[in-house]
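Going in written order, the chains are labelled A, B, C, D, E and F, and every chain counts its residues from 1.
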């Protein structure tokens, strides 16, 4: 057979496959595996990544649909080794399934595909942790509903990091990005008292939504309260309260929880929010908890980013969560 | 009654109403009237402006939904007097109806509202010319269908300035922004031979679409051909061919017909396109023609603009069309 | 009478008037009233907003003249309900008077108009709190002089949040934006010992200005000192010191007090400054104090903004102040 | 004497002085001389450059005050050799006098300084050609008035390249940037019939200004007309008409004559304007004419530039003019 | 075997392989093949694409090293069908070899790899046309030297589209991006009289370089001359003059030949240059000529781009060249 | 002798020389002296500034070569008086030597010049503190080697503020910007145990580098640890540990130690880093220590900056260091 005559070239877009001669300075894109020509052995994987590029369901115009590709591009500059915690993520096996297909004009159809993608994940490799990259927050309703469909007897709790309650009325807006928690409560997928929302701030929640939250028994901690008590404590308490009552805690991270200085790319970014190192700390703690079995990162519009500040924060958020996961 | 004590202040957001002491250096926003508290006498108006802020139906992510407001903001710096043609647009009476309401997640519902807005315009003040500001190109199908619904016996022709055929298959994409001409042909609203598309360029039309266009009898002139023959001649010929065969010519201007240098804000902007002065010339000629009875301007995403270059070009396009209209 | 035929349209630029069916999720622009066709009953209002779009008086080039419109645009995305404090600003009645008219080339004339606008406010509705949106810091001298003209027997104190002393010499620069505090001291409108300046930082105050400040008895706290002692304590102490000695405390907020990371749009933005949540805290405390009877926000050039980070911080600053005001 | 020990260093900010070992690839900043410690022999110089950083007199906010420094920075990347014309500008001796001092708040005072700078130039080295870099267009009135003051018996003509008439009323606006030609006519410095304005376009001149222009006998050619007839011919005809009637032709170039695509940094930039190569051609022809004895370049706000596109066009405009000058 | 359970997902980064069910609306990245796991049969391919991401050899700082990836990303939005010419590029078989490996600090070593990549291409599949994507212009010297090394008996001509002569002295600068043509002449790889340079403009070539060009017998046409005579004619004449004298014509396209308005991303972009449609026309004509056997596109720094204007122009340039190639 | 006729002008680019009538509000560029026509008396100076515009040695593309000029431009807006510490830097005499000459293509040669510049400084005015402005981090190896060459018997310690270890292998990369500390250790210029690195964070150091660091005895404190213990304490402890063991402490500041929010212009900027006020505090403490005898600031690419946020932080860093120095 002919020898490959180009020792001086890098091949373009070469699919990486984990090799025996794994180098130490593994980059994230070399570590996370992609689906190739043949069906992988799903049992090998600890975590599956799912891109959910839907943002047509956003109340304000959003290109959060471009976030999954933006994060995949950005993580090429991250390594797998976390010096602060002395943990190498490369001990985990992670596979990236790609993106849920999107219909151009039928949002309901797309929502159905998202739910079915979660059902398929829970059916075909139920031991792996699904990590979904939005897209806007409407996808969380479908992903949690998918989980419930696959595990009808489980009690689900939600740990939400968000500027907003996301309790707006789906009867008015349809299944839009301001409504997922209300959808889940009204469809009885999740009980209000099993929702813990941390980081709400500013002038962005109507009073009627607070009333709804109170009536539904939702737990919430504003950013100001959270900073006074310490983010770590607040997260730990929320997890402690949930762990006895639910089977599964679903962690949803709306990137607009970040201060506009740290996450300018969130369509609803505003001053007075969380700092990125606080967010990293929060998700790392959540990652350590054995009942946190799914995570998503939503509402980041890369076109609004300043440089790649917000997208890098999103990647770091994902890696901090996985750092916690390694500690389980 | 108390005297107003603030001679040194400008009032904010004051609704302008045409006054007897009309100053000569009228700005466009002082000239175009808005709907106020009471129902206006529709018979007074030559032209109605309609904002159609829908871009969820776009194949690629688009904030063309923000174009109507962006144009309204930009035209505050334009006057009504066209020095080159010595025509003052202030001789026309123009009313801005505002925007078609948008559903957050139900595109089909929004499309229906758009069509009904056209029906209402044709019913309540059929002598005024509707000038619609998109939004993406999917709105053209609904606006023309609305026209047809209001005037079922009219034969409609289309003069299209566009980089694309817009003949993609609605069965696959739904009523998306690549499909309006095909929708109109398949619904028998417009016959293919009464469509004249001018300015197609680049590598952005699949060969099968050309085949479809040929089979449907669509007339098209690529940008390269148009520049060789002169834009003015090409437009004049198209109008001449249409005028004997149709009752109404609908002019649709996809801003991506512009070269990326002149209209960077079109989501599909590309080099090799039309120059802004060519576009102004083209629509001015169309504006002069008595059978051109409706116009739209679509597919301009202000978030992609460089400064306000493209939005200003869109405003100038509208004003050039109205300059022609004054010549009727 | 004819029915309005457009149920499917939003009217453009409709003047909002407070209605009986006030919805809970009131946006700030729906809450703040504008001056309409008839003279309002001034006694109804708690707060008047005044735009002062002057920045020709700036030492470095500034488009702070565009700030009032930028803030009005930005507050459309803010609601009236402050979740953290469980206070709904909608309990206040606020009217926006519009902007002080600007002469193109005669800065002295414009300054006179600004002063007279304050005199008119204090004469026609003295119980309302004037909240002025600059423009540059030169306007503060005129606004305070206007106050003094209307209330010649009052002793006025100043609570200033600023990177600079603003004690440069008006004999050299004219009434420019580096000079307002010195103007007020030299015109004996305010005594130096009743000025408290908090947040000075960096290498931006000449030593001679410190000497002047010391000789004039001005109280000042650098950013570094303020952070060590806690912003809240520093503000509370300043208010406590002033409250026994003056009749009125004028709060002036130079947005360049913010760190360049939080307020990049200030022409003199620099690292080492205040964080936005510290500023919000500071003005909220000031807002609670019954002797704080006027406020301004100055030196924010929206053209220098990164996204709308700084303009949103300015709006939040205004709303935090009003949150405090609701507590009185 | 000690030897300089740093052969491996470039000295910072070294004043360049024309040396015997002049290298061929002279950059513009190495060629144009600056004023040093001692008074130069003015008789040596063909051209003097004068920076006039005034833009507080602009109707809309402008940082055209930063243009002189921006052009000086940009011309560091230009050489002195014009390949197309085979002319090396280094044959001219050019000195940069620096900038007219600016008062922070007294525009009238600054205008007086500008006028006196021109008087001084005409008094101390009347054979050199003054080339002034604005600043906004208000400076042209003062520069021409300065010329008239120095040469009271000369008849002055104006060749203006501009989007606007600049005939707005100084009684209303003061000596602002929309008024210079009217100021010159009303002060009888220049007669209307000796003004030739080329390149007007768009919707930016009120009809009353056209009436004023017609009554004053001003010659004008819109951009559309100019392009039809050819820019070169139009310029040559204007010069031919002026040369018999006036002693001095003052060339004023308002950069907003450029299409927004070629000169986005002009505060009033708009589509439909002149292309940069047309402008270069126009000023080169003007530069060749022996009666063109002064030039200015105004209304370019570097903060609005896209990259350095407009500033580079301004430098090229200056160098094209000087290329023509070499042909005299 | 297990079925793939994710019909609702797109796989990430799937390597595309030409399939029997080729759809008509093929995108460029679906058409151009990549090197996979096994050695391809080189004889199948008409054209090979080679990325040469070297820009450390640039005189001014440049990120032209990022151009190959930027072009690969941008061509995902281009189709293969050229409507204007009714030619579908999909009739060609094209393979993308990837990028020449880069040493971080040893530019000489990298240059050697570039030359060897060309030698390998000419040795292993000499019938395919190499199309190299720079990188800066220094790579052209190495690519042409590689060609000469592989075909020592061939006479090579160069058709250069460029703002500059690229005749600066490698003895002073080393093998930098201002020197390639001089390197090739001094190494006797190419004779000066077989170099045709078209599009030179502005003040960017020292007079001594013109002297060198004249003495070396280089043919050159400035942009102004080229536009007067018509770009097509100028290119055709250059090809006609070369075709009898040389065996191979190497086409090198320095993107700085474009006007700054059309190609702002070239580090040396300047007004007065070529328009993109002129460049497309030029390379298409060159592509038709059977003796044009290699092409490169250099000096485009994507970080300087405005949107993706320049990168899209580069892709269009490549596709226009291939359109011409299809006509052979 | 003739009088200078231009009292109304500022001279351009006038070299500033310290005069007897020194004004109090001295700007930094008026205080720092430049090298003029004659050789200065080196003994007068406390500090020498050296620009080292090399970034071709960077692993990722970088325009850090433009940092020295960017800092010189930015410090024109800084004064010399530090209000917080009541210290006026003008008590120091500082001279700016300009920049090390750069070879376009021979990085090794440039590195040699950098080393020789340090040798010359240590030979000709050994009592002044060299403050070098990079350029990328590769220059630190050469500067420290130059120090060692001039003072072969000194023991050198390094205080490093950095996101990275900079221990990558020069055998693979050459003397690139990831390698300087390893170069110094392998050349036995500095012992590993005398290196203190503070501020490492994120996923940007391969595990093998940590192993290397541990084996070499390098002291390091991650950002998370540093913030827990307080930056001041960490710096003080590092200095305390070094002061007994070494003769000279070289302070190297890699600007990528800053959080991406505070220093977006570092090519490797990332969330989770140091805040600017922490960095200012750190270098001020280092500046106070008598054994800190040299400083550099590296890896800041002004083209990546957002506004001038990062460049201003770099200037402030330099001035904070000098503030500490005044305390010695």
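In the analysis below, contacts are C-beta pairs under 8 Å (C-beta built on N, C-alpha and C of every residue); 3 or more make two chains touch, one makes a residue touch a chain.
Per UniProt, the chains are A, B, C, D, E, F = Formiminoglutamase.
Bear in mind that the values here come from a model prediction, so they are computed numbers and not experimental data.
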| item | value |
| --- | --- |
| Where chain C (Formiminoglutamase) and chain D (Formiminoglutamase) overlap in contact partners, by chain label | B, F |
| Partner chains shared by chain B (Formiminoglutamase) and chain F (Formiminoglutamase) (touch criterion as defined above) | A, C, D, E |
| Which listed pair, E-F, D-E or C-D, duplicates the contacts of A-C in over half of its pairs | D-E |
| Selected interface, C-F versus A-B, where C-beta contact pairs are more numerous | C-F |
| Chain copies touching (chain D (Formiminoglutamase), chain E (Formiminoglutamase)) - same or different residues, decided at half shared | different |
| Intercentroid distance (Cα basis), chain D (Formiminoglutamase) paired with chain B (Formiminoglutamase), Å | 40 |
| Mean-CA-position distance for chain E (Formiminoglutamase) and chain A (Formiminoglutamase) (Å) | 42 |
| Multi-chain contact residues (two or more partners), chain B (Formiminoglutamase) | 261, 306 |
| Touching pairs - complete list by chain label | A-B, A-C, A-E, A-F, B-C, B-D, B-E, C-D, C-F, D-E, D-F, E-F |
| Touching residues (chain side chain C (Formiminoglutamase), partner chain B (Formiminoglutamase)) in the complex | 1-6, 8-15, 34-36, 39, 50-51, 72, 96-101, 113, 116-117, 120, 123-124 |
| Partner chain A (Formiminoglutamase), residues of chain B (Formiminoglutamase) touching it in the complex | 55-59, 61, 63, 65-66, 103-108, 138, 173-176, 303 |
| Of all residues in chain C (Formiminoglutamase), those that touch chain F (Formiminoglutamase) in their complex | 200-210, 222-225, 259-261, 264, 268-272, 304, 306 |
| Of chain E (Formiminoglutamase), residues touching chain B (Formiminoglutamase) in the complex | 24-26, 28, 77-84, 86, 88, 261-262, 276-277, 280, 306-307, 309, 312-313, 316, 319 |
